[in-house]
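Two complexes, one shared chain (chain A), two partners (chain B, chain C).
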Partner chain A sequence: MQVDNIIRVFFDPHIIASVLPQLLSHGLVNTLVLTVFAVVIGLLLGLVIAMMLLARTRWLRWPARVFVDVFRGLPGVLTIFIVGLGLPLAGLDVFGRNTYPYAVVAIGIIESAYIGEIFRSGIQSVAAGQMEAARSLGLSYWAAMRHVRIPQGIRRVLPALTGQIIITIKETALVYVLGLTATQQELFSLSQSGSSQYASMTPVVVAGVIYLALTIPLTHFVNWLDRRLQRGPAPTPASDAERPAPQAVIAEG
Partner chain B sequence: MTPQATAPATQTAVGVHIAHLDKSFGARAVLRDVSLDVTAGTTTCIIGRSGSGKSTLLRCINGLETADRGEIGIGGATLRPDDRSLNALRSRVGMVFQHFNLFPNHDVLGNVTLALRRVHGMSRHDAEERATRALDRVGMLSFARSHPDRLSGGQQQRVAIARAIAPGPSVMLFDEATSALDPELVKGVLGLMRALADEGMTMVVVTHEMAFARQVSDQVAFISDGTVAVSGAPDTVFEHPEHPALRRFLDQVL
Partner chain C sequence: MKQHSSAARRRPRLRRAALVATTALAAGLALTACSSSSSGAEKASSGSSSSSSSIDLAQPGTLNVAILPTQRPTSYVENGKPMGMAIDFTDALAKEMGLKVKYTAVDLDSALSQITAGRYDTAAMGLVASADRKKMLDFSTPWVYGYYALLTDSKKGGSGKLADLSGKTVAVVTGSQEETLLKQDYPKITVRSFPDDTGSVSALIAGQVDGDLTGSNNVAAFTKQYPQLKASDSVPLPDPESYPIKKGNTSLSKALDAAIKAEMDNGTFNKLYAKWHPGEPFPTRLYKDYPDMPTYTKG
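So, the complex of A and B:
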């Protein structure tokens, strides 16, 4: 019977029961750890990259441009392979023989290229008058960037940043090429091992469902954030006599 | 620093001195040999057609634009182009823009306290106290916790004026401060500017409001073709315009 066959291959309840605990306790945790560390590296390094891309001197702009072009231009799996296996092989083994941190660094570098470009576009989109007003008050370039331009720029790209986090969650699956140990395996690698073990697609399908449980809510969060930011800030308690607040829009949220 | 948000500038004897200023954007000469002196405690209005160089001249005074040649002095100190002296000068010169340029990532109070804290090194408490007085001065105290985007243009410009006067500047620059406002909101902002002038603030005002220029200023400078074509007391400029370009301009705007 065809249906039985489909259920056995993709949705075998016995296999689900036996792989789900480990997928959650190890796979999901590793996926989240990889994502969080890579995003933190991506945000910090990305902000530096963005500052360099916006710098007045070409000696800062050009290296940042090359960095962004290279790591956005390469397939992620290739970068992860080169950084994850290449660095320790070349003797740049700052983390010893443990592959896991190299995987984090590799994804972090890729993310910083994307996030740097996102930051740059956001910061650049802030009207020139904002910097002028800040500078006219006597703020230095860096004080004006820090207190006026960067916060506004980042706020504008929050949806894009969240979108990039979704991409990072999925990209962590690529570390399977590094052949991590059982306790280090993230969702996809672990489900793949289970798949060979049980000769069934079911573990991978379970992993897929867990990925979707992470990414779909985040996607809807992005959409919500996008609508909210386009609508402007939340209304303040003080009423404006000269321009009434748009009540209908507030009620909808 | 003076304790009052709006210190009478006459006491500090600060004026603005502009001598032989040249400024080009690429091949286009915007200012040509501009010289203008503003006595401390007086108001000078700069009038002229759109694109005549009025705003560029104003922006040269606090170094938002760098002049190609010439000299600018504020209160006897010559403007030097390095960042440190520019920041020091700007902390003593308030500027109000046509499009307000309030910071949307700060509330109204935060807009006024930012420079007090980050430039003038005041504590949060002192800065908020000072900002509160400045907001009260412009009639916007009840909006201290409002978001700038939720204010009308007139209210935003009042906050922008509070932000500029809060540090107690010795000179105030106004760059078409009422040009972006709805007609019914213009009066309130002009009244505020007039009150500042009456208190003896040294002001340089780029404006299209001829009535304001006539009634409030001590000196009117008519800019034509990037240079000061006529300058003098408002009566002289408005009642007996001899310069042909000034006459044509006044015929069109009055």
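So, the complex of A and C:
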């Protein structure tokens, strides 16, 4: 009796069969579209934020610090609500009536605050000698940043960045607060509609499994990346022969 | 309860004994504690029904009720207190049945699935007993009839009739009857679903949608708050609004039906309707369901 109830509420096979195709064919696709655009905005804006945080003039540093503090300090759902519903209410309907650009911008802004800090910590962790050596070879500040410091810094924070992408995937579930049309529903809101249609948790459980199918492999990828970065690539005779010592990066500049 | 140690099990018993004493005292003094409520919203009532112990409930002696946070003036939370006509009416029903009431504010989707799961006994809200929902849940006899109202922005022009909105976008609440109605009867209208009425009406004000199809119980509050909005079209509800009950719980459904009839016949419903819907048309279909109820005179 009790077991029957649990199965009916969480794992009803008929409900799974009827919601799974739609969850995959457009719930998953919409979630990925939102994630990709939000991550692109987050990476680009995050790099700008990181550069500002590292700048020598306080007029660049301070605004970036305020930006990071504000958007890391607010609940994501609040930022999405304010940007997504607030902008049009204030007459700033720059993207017309489509919900997605507002949602993507809101999530992208939140992510850029986190990613900016990740980039900053990575870039700052590159030994000062790298920069000094690059400058002494005649590179300008920006050229040294671009060719020497930033690439090394970003490589060091790849695991943290991938972790942030996982968080972004989950954050896209919050766009339902902006109101979605049938074709715009992402995994979570689509599963929630299914949940009320069938008065069962099963559709939400199915959506949860799809989320995990995205996030768990990514998590293990992060771990693998982390280990690899700590140990370096597995040495092969060929690569040992042709690859110069790791610190020789400067010589390329 | 089963897993509790014997020491832990003793305490609720003591508390229950204390509760019985308090209830008896309250009944003796003819006190009704129904109007006082806190954010926890436990309400004691000096009930008279002797059958309350035989009602199958999630928590013996207490009616666990899901409400909506923002469905004015029927079911909402203000200053941490549950408010609205459905809450007042449910208080009266619980008193009739001799039960305490505990209100929890949740969204519509979780309210319905949690009643199926047995966490809440019923829901106090404007909830239509539709054919779809009857597959999942049992329903009490009607407690009110409503209509759907189409809100439009009077500054934007247009006829404001649903029939003329093909190709346009109309806001609804996710999982609501309005959503189903639009999808079935107006397939050419693009439906945009919001988690609650606040989102859908904000989108209408912001010009993100062309209309907002919502329950009649929202009209007074929204048109007062936003004078540019008007109820430009309405669709009568085919089904009554009733109390949802977990499938097969006949003891609760019998008790609720009897209590609803009692509150209809003694004039409580009419009094509450005058309080919460002044000046609005009375749902006269109730006279057919409850022939003994007094005729509505106010408003």
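Here is the rule we go by: the second predicted complex is superposed on the first by the 232 of 253 C-alpha atoms of A that agree within 3 Å, B and C clash if a C-alpha of one lies under 4 Å from a C-alpha of the other, contacts with A are read in each partner's own complex, and residues count from 1 in each chain.
Here, a contact is a pair of C-beta atoms (placed from the backbone, for glycine too) under 8 Å apart; a residue touches a chain by one contact, two chains touch by 3 or more.
On a predicted model such as this, the values are computed, not experimentally measured, just so you know.
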item: Partner chain(s) touched by A:V29 [first = chain B, second = chain C, both, neither]; value: neither
item: Partner chain in contact with A:L229 - chain B first, chain C second, else both or neither; value: neither
item: Which of chain B and chain C A:V9 touches, first, second, both or neither; value: second
item: Touching partner for A:L158 - first (chain B), second (chain C), both, neither; value: neither
item: Touching partner for A:G129 - first (chain B), second (chain C), both, neither; value: first
item: First (chain B), second (chain C), both or neither touched by A:L137; value: first
item: Intersection of the chain A residues that touch chain B with those that touch chain C; value: none
item: Residues on chain A engaged by chain C in the complex (per definition of touch); value: 5, 9, 85, 88-89, 93, 97, 99, 176-182, 185, 189, 192-193, 195-201
item: Contact set on chain C toward chain A in their complex; value: 108-109, 112-113, 116-118, 132-133, 136-137, 169, 171, 174-175, 183, 190-195, 199-200, 202-203, 205-209
item: Residue numbers on chain A that touch chain B, as the complex places them; value: 127, 129-130, 132-141, 143, 147-148, 151-152, 155, 232-233, 235-238, 240, 242-243, 245
item: Chain B - residues contacting chain A, complex; value: 62, 64, 83, 87-95, 97, 99, 101-107, 114-115, 118-120, 142-143, 145-147, 149-152, 154-155, 160, 163-164, 167, 185
